[in-house]
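Labels A, B, C, D and E are assigned to the chains in the order they are written; within every chain, residues are numbered from 1.
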Amino acid sequence: MLSIMGLTAKYGKYTSIKEVNIEVIKGEIVVLLGANGAGKSTTFKTISGLLKPAAGEIIFNDEQIGGKQPDKIVELGIVQCAEDRKLFPQMSVQQNLMMGAYVHRRNKGQIKQSLKEVNELFPILYDKREDAAGSLSGGQQQMLAIGRALMAKPKLMLLDEPSIGLAPLIVEQMFKSIEHINREGTTILLAEQNANAALSIADKGYVYENGKIVVHGSSAELFSNEEVRKAYIGA
Amino acid sequence: MILQTSQLTKKFGGNVAVKDVSFSIQQGKVNAIIGPNGAGKSTFFNLITGIHPPTEGQIFYKGEEITKYPANKIAELGLARTFQTTNLFERATVFDNVVVGHRLRTKSNLFDAIFRTKRLKREEETCKEKALEVLDFTGLSNVSDQLVANISQEEKKRVAFALALATEPEIVFLDEPTAGVNPDETEELALLIKKMAEKGLTVCLIEHKMQMIMSLADQIMVLNYGEKIAEGTPEEIKNNEEVIKAYLGGGSASA
Amino acid sequence: MELLLQQLFNGLTIGSVYSLVALGLTLVYGILHIPNFAHGALYMVGGYITLMMMTNAGLHYVLAIVVSIIVVGLLSVLMERLVFHPLRDSPPIQDKVAAIGILLFLEALAQLLWGADYRQMPTPFGEVVNVFGLTLTLQRIIIVAAAIAVMIFLYWFLKKTFIGSTIIAMAQNREGAALVGINTNKVAILTFFIAGALAAIGASLTSPINLVFPGMGHLVILKAFVIIIIGGMGSIPGAILGGYILGFTESIGATYISSDYKDIIAFVLLIIILSAKPQGIFSKGGA
Amino acid sequence: MMKLLNKRNIILILILLAVVFPFINQNQYYLHILTLAFIWTIAVYGLNLLAGFTGYLSLAHGGFFAIGAYGLGLLTVKGGLGFWLSFLLAPLITMAIGLVIGLFALRTKEHFFAIYTLCVGYIIYLVIDKWESLTEGVRGLIGIPAPEPIGPITFTTPIAQYYLTLVIFLLVVLIIYRIVHSLTGRTFIAIRNSEELALSLGISTKKNKLLSFVLSTFFAGLAGAMYAGFIRFIGPEIAYTTITFDLLTYMIVGGIGTLAGPIVGTFLILILSQNLQFLQDYRMLIFGPLLTLLIIFSPRGIVGFILLHYSNWKTKKRMTIPKDQVKEG
Amino acid sequence: ACSQSSGGSGEEKVVNIGYSGPLSGAAAFYGENTLNGLKMAVDEINKEGFEVEGEKYKLNLVSLDDKYMPNETASNGKRLVQENKTPIIFSPHSGGIAALQVFNEMDNFLIVAYSSEPDITERGNKLTVRIPPSYAGYIEPFSTYAMDRFGKKMAALPPVTQYGKDWAEAIIPYWEENGGEVVHQASIDFSKDTDFFTILTNALKQDPDVLFIGGASEPTAKVAMQARELGFDGGFIIMDQAKLDEMKNVTQSYDVLEGAVGVTPLIHTEYPGTAEFIDKYRELYNKDPGSEAGYHYLATYVLVEAMKAAGNVEDAKLIREHIQAGLDQLPEDKKVYEIPSVEDDGGFVNLIRMATVEDGEIVLKEVD
């Protein structure tokens, strides 16, 4: 579904990721692991079009999307849920969700349906629907960010560290939700620090170090890889 | 019992972020605050450190009421803090970021600056020494002349610690000091926190990483919807029904 | 009583113009996050284009306004593309100075193209209308009515249409807007177009009661800043209300306090409001 | 070769140039322009201290400049005080007014502060313009005396005035340098960085912001007083917002938050605009776009641009030198 | 004073004449008009050149923009004197003139001032010449006419400029002394007011018979128009800055201005050289000249004659001393205005005339 080949991206002169290759097959959950600053978010930003690739190709469903505008990419069905959430702080929760469905703005019925689904997934969002997104706590905002991404009915969803700063109970729920979303038919590319939880729901994973992929394999393989265990899963 | 809050309440408009919280921070120990998102943990910190004035209730530090003190006065008394989102000066070096941390212990004023008095030179020296000391303590000596923009996330967290330590505090409040840091590095930060406590500092921290909290904390308070729902040792908290229901959950994801 | 009514109407007229200009300014503030000092120059160009269309091309007043809306809208878009877009990641002070550069340029250009003299803009709506002892001219009634219509339309557009809410969304988080599939470039262009159009409308409506000259933008722009601050930067209803508040304070102030000090009134009003509420009246106190 | 061109030597050469300039220059008009440039630079330094180092953009600066100028003008012309006493008092009066305004203005932040001060500046202008019994209104103040002689030194010739201004100017630069490089300066920068953080580090942001604000008004007032003593005729238009915008432009073009920026920006623009005079009314057609282009290509001004490339060059060099040999400058 | 030879022609020498006035900003239009008159005269004179002490000279006009700001005028003045060695500097605004007067005696240049502000000559500056008449002469005839024709109640709405204030301070006491009443007083700020209804509503509430207005012609015309819209049917006293013919361009006809009294527009003036000047000006600039152009045109010729009489093109003092001779020797066909003499303080003595609008026509009235 998505294949990334030899992708390099830079911030100014600084090369953040170098010759990255990733393959995502429809229906999978694929996880990107790596220390801070390893380049996970950069990869995401490049896929979603916020950053122009310096070299390499990004092919989505047989179409070259590297360097396209973010809105075109969303239209094609790739939606990113960013690390720092990027919500609309003064809009209400409900308005934020509605904006998530921007690409389907002509299909009122579908929007209504999606809204219902998101509210079922995260009931707290329904309770707070009139509140400004900026007044939510960190965890609630994260849910809203995921909810907003879901509203676009993506084929491929990019989740950048969805568990950051979340309470354990919520993290647990979050991963359940991700599995749920995946089962409903959304392919997922996930970046995580929480390797344990991530690998337990993922099909396969890639490990970043200093902007390069150093190890990749199925979840089971990565689980049993000593070095990966030591660095990302903890004792 | 170095710091106490008594029935502390904070309302934002109609929203009660912290409700009637009475809590004592034990001297020289690691005190942890946990709770679901939006429980009011950060707000609780903001109240104690004077960023927001409480709606009701009182705060006592070593027997002195500090409820209405401005943030800078509270810092002078020896309460330092870090923020949930690290804000540092990205275009300056680590060293330059930290030097100003000791400013509150100095007296130089404009006059000293213009005439470069002895006092200024002496105090600049102490600030620099202090900076070197805390950078050494936090293990940042090797990056001290790098721009903050160029160091890693974990190092940034350490710089935030260093800044707090440069104020020569007696208590440090750490708001999610390891958020967004991988397990390896989390452990190292935990060691640093331990080191701070061993040095005699009182630590008060907010975290979601249970493993770390359980091994680090001497005392834990749990907040939920702004209210204190439990307080006790890690053992007690781990087995507290209400806490499990509201926060911990039963699964294994709490790595 | 009659005096009061007449002055209220005068305040309404001038408030309508203020509101239109402030609206454009506040919209652009949302995108740029700076007060656009060049907005007054757009206002001035708006006046000239309408005038030129009427005198040189012989168009009817209304048609001339339409042309002016398009031209100034495009000019505003050009400004966004050439200057503000490249500057979008730099600190706000820089945009301010860049805007000053544009302002200087446009004023000099206007003087080069159209001369420095005062020009009179004729209007087909010159009749004087007397109702209930009030003296109104048709032009003034049109100013008020058109301004209100434009505002209602704009409010509806922003609140009720998806395209409109993209402007608001982008004002709050540019990248976030991109991530939900909004073409941020298009929205920026659209916003600047609307702002330019509003400036053109404001200028074209007012010019028949005043004159067209290179410095005419200064008349309204400083006050427009005051208005968007009073109204809370970026707030649409704030800009409208602020415009009318200022219009009324000026006319009432000139009548019952002193006409020599009526300009000070606006600024003192602002100082008082900001001293009491440092974020403006309508701002939502975000964390 | 590079050694000879270090910072200290460049500064010495520049000072030397400024000192000998009257002897190598035959055109007294340039002396006039340079004297003016020194005066404006002092005002820009004031603005830079607040906007560049403390992070608060004041748009009332033209107003404070005018208060300094009118302070001197009124004390000498109407108060009958001696020049030097008035010259001392004028900046102090400006500071006192600045203190009161700062107390209120600093409750606001960012754009609110900018527009608040814009309005303050405008009110200062209106007050000067309307309070005719004191300021003579639009007619302006005429008959401001030139600086009185100090002992045997007189200040009647353009050259004497040039040196007088130069001395004050160098003093101001020294003072600014010392402030910026002291703990006080670090405190300002910490506030610019993050007020919340500064506060929790025990820094009284209120006090320090006020200090920075008052200091900046002092330099504006000082420049204003020097200006009045130099031009010897002042009208309300020196309080107008265009003056503030000019100062702002000098600062931005030179480089905001840098020490050399105000000098570079002010001198460059003053000289440039003199040379564009032949274009007369249309010089803004060139100057406007030039200004905008500069900002697009180097947001931190000319000095920022040089610093950036200099530091790039230094880091490149550093990589080739063993690390322990590199010392902090 | 500079007498470099220009270009290759070797024969003629060049005298630089300085000008500092508003060429950009709000007053640019006014500045341009003044400069137009100057340029026209300079171009004409240069066709032939002029002879002083057997040497042939041409004029070179160096004009600098001061945006109407006195401090800029001061800088420009320094520059003109230092760089171009101009013995004469024209300045068309009182602030700039005052700024130049701070140093013109020391730097030895003659200010040719275009401003009817009496102060300019009253300060005792020895190197200043004021071209237009001081407005003091208009007070009495204007007041008498308006009071006789419309009545004793006046509302004074001068512009906020210094000039406007001075005028008001001169006319109001006179009006009251002669049995009139000033029922309302406020000033109009043309650089800040978008609409004049507010001010006029307040003024007309007092039922005045006469409105005292002024400022630049076009906005002044707007004020008159809006006063009519609000139902005012009295007369207008119009300050000398505004010209009736220019106001008519805005009002379309003189009907709106019925009963107005003001200075005589240049195009309705009939001195020996006026008609020719108007024709030439129209041809060159495609519009009617105002008095500021006419006076500058005339002043340039006067100066050239004065130089000839002084036998010197560089010494400001000498030239000043020979201004009277310049006036005496002014060729008939250059007499756009009739100026018999210059006073000791430097003011030109002008014959005062005024114009009124009666039955939709301009009617010229002799004064004394």
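A few points about this structure:
Heads up, the rule we're going with is that contacts are C-beta pairs under 8 Å (C-beta built on N, C-alpha and C of every residue); 3 or more make two chains touch, one makes a residue touch a chain.
Model, not experiment: these values are computed from the prediction.
Following the contact convention of this document, E is the list of chains adjacent to both chain C and chain D.
Chain geometry summary: the mean Cα position of chain B and that of chain C are 47 Å apart. We define each chain's centre as the mean of its Cα atoms; on that basis chain B and chain E are separated by 73 Å.
Look at where the CA atoms of chain B average out and do the same for chain D: the two points lie 40 Å apart. The set of chain D residues touching two or more other chains comprises 281, 283-284. For chain C, residues that reach two or more other chains under the stated contact definition are 107-108, 111, 116, 260, 263. Residue positions of chain E touching 2 or more other chains, listed in rising order: 24, 28, 32, 160. Going by the touch rule set out above, the chain pairs that meet are A-B, A-C, B-D, C-D, C-E, D-E.
Residues 34-37, 135-140, 142, 161, 164-173, 175, 193-197, 230-234 of chain A touch chain B in their complex. Taken in their complex, chain B has these residues touching chain A: 12, 15, 34-39, 84, 152-154, 176, 179-185, 187, 208, 210-211, 246-249, 251, 253-255. On the side of chain C, the complex with chain E involves touching residues 3, 6-7, 10-11, 13-14, 17, 107-108, 111, 115-120, 128, 135, 137, 140, 206, 209-211, 213-215, 218-220, 250-251, 254-255, 258-260, 262-263.
Put simply, chain E touches chain C in their complex at residues 24-26, 28-29, 31-32, 160, 186-187, 189, 191-195, 197-199, 201-202, 205, 216-219, 221-222, 226, 229-231, 249-250.
By the touch rule above, chain B contacts chain D in their complex via residues 49-51, 70-73, 75-76, 80-81, 83, 87-89, 92, 96, 99-101, 103-104, 106, 108-110, 112-114, 116, 120, 123-124, 127, 145, 163, 166-167.
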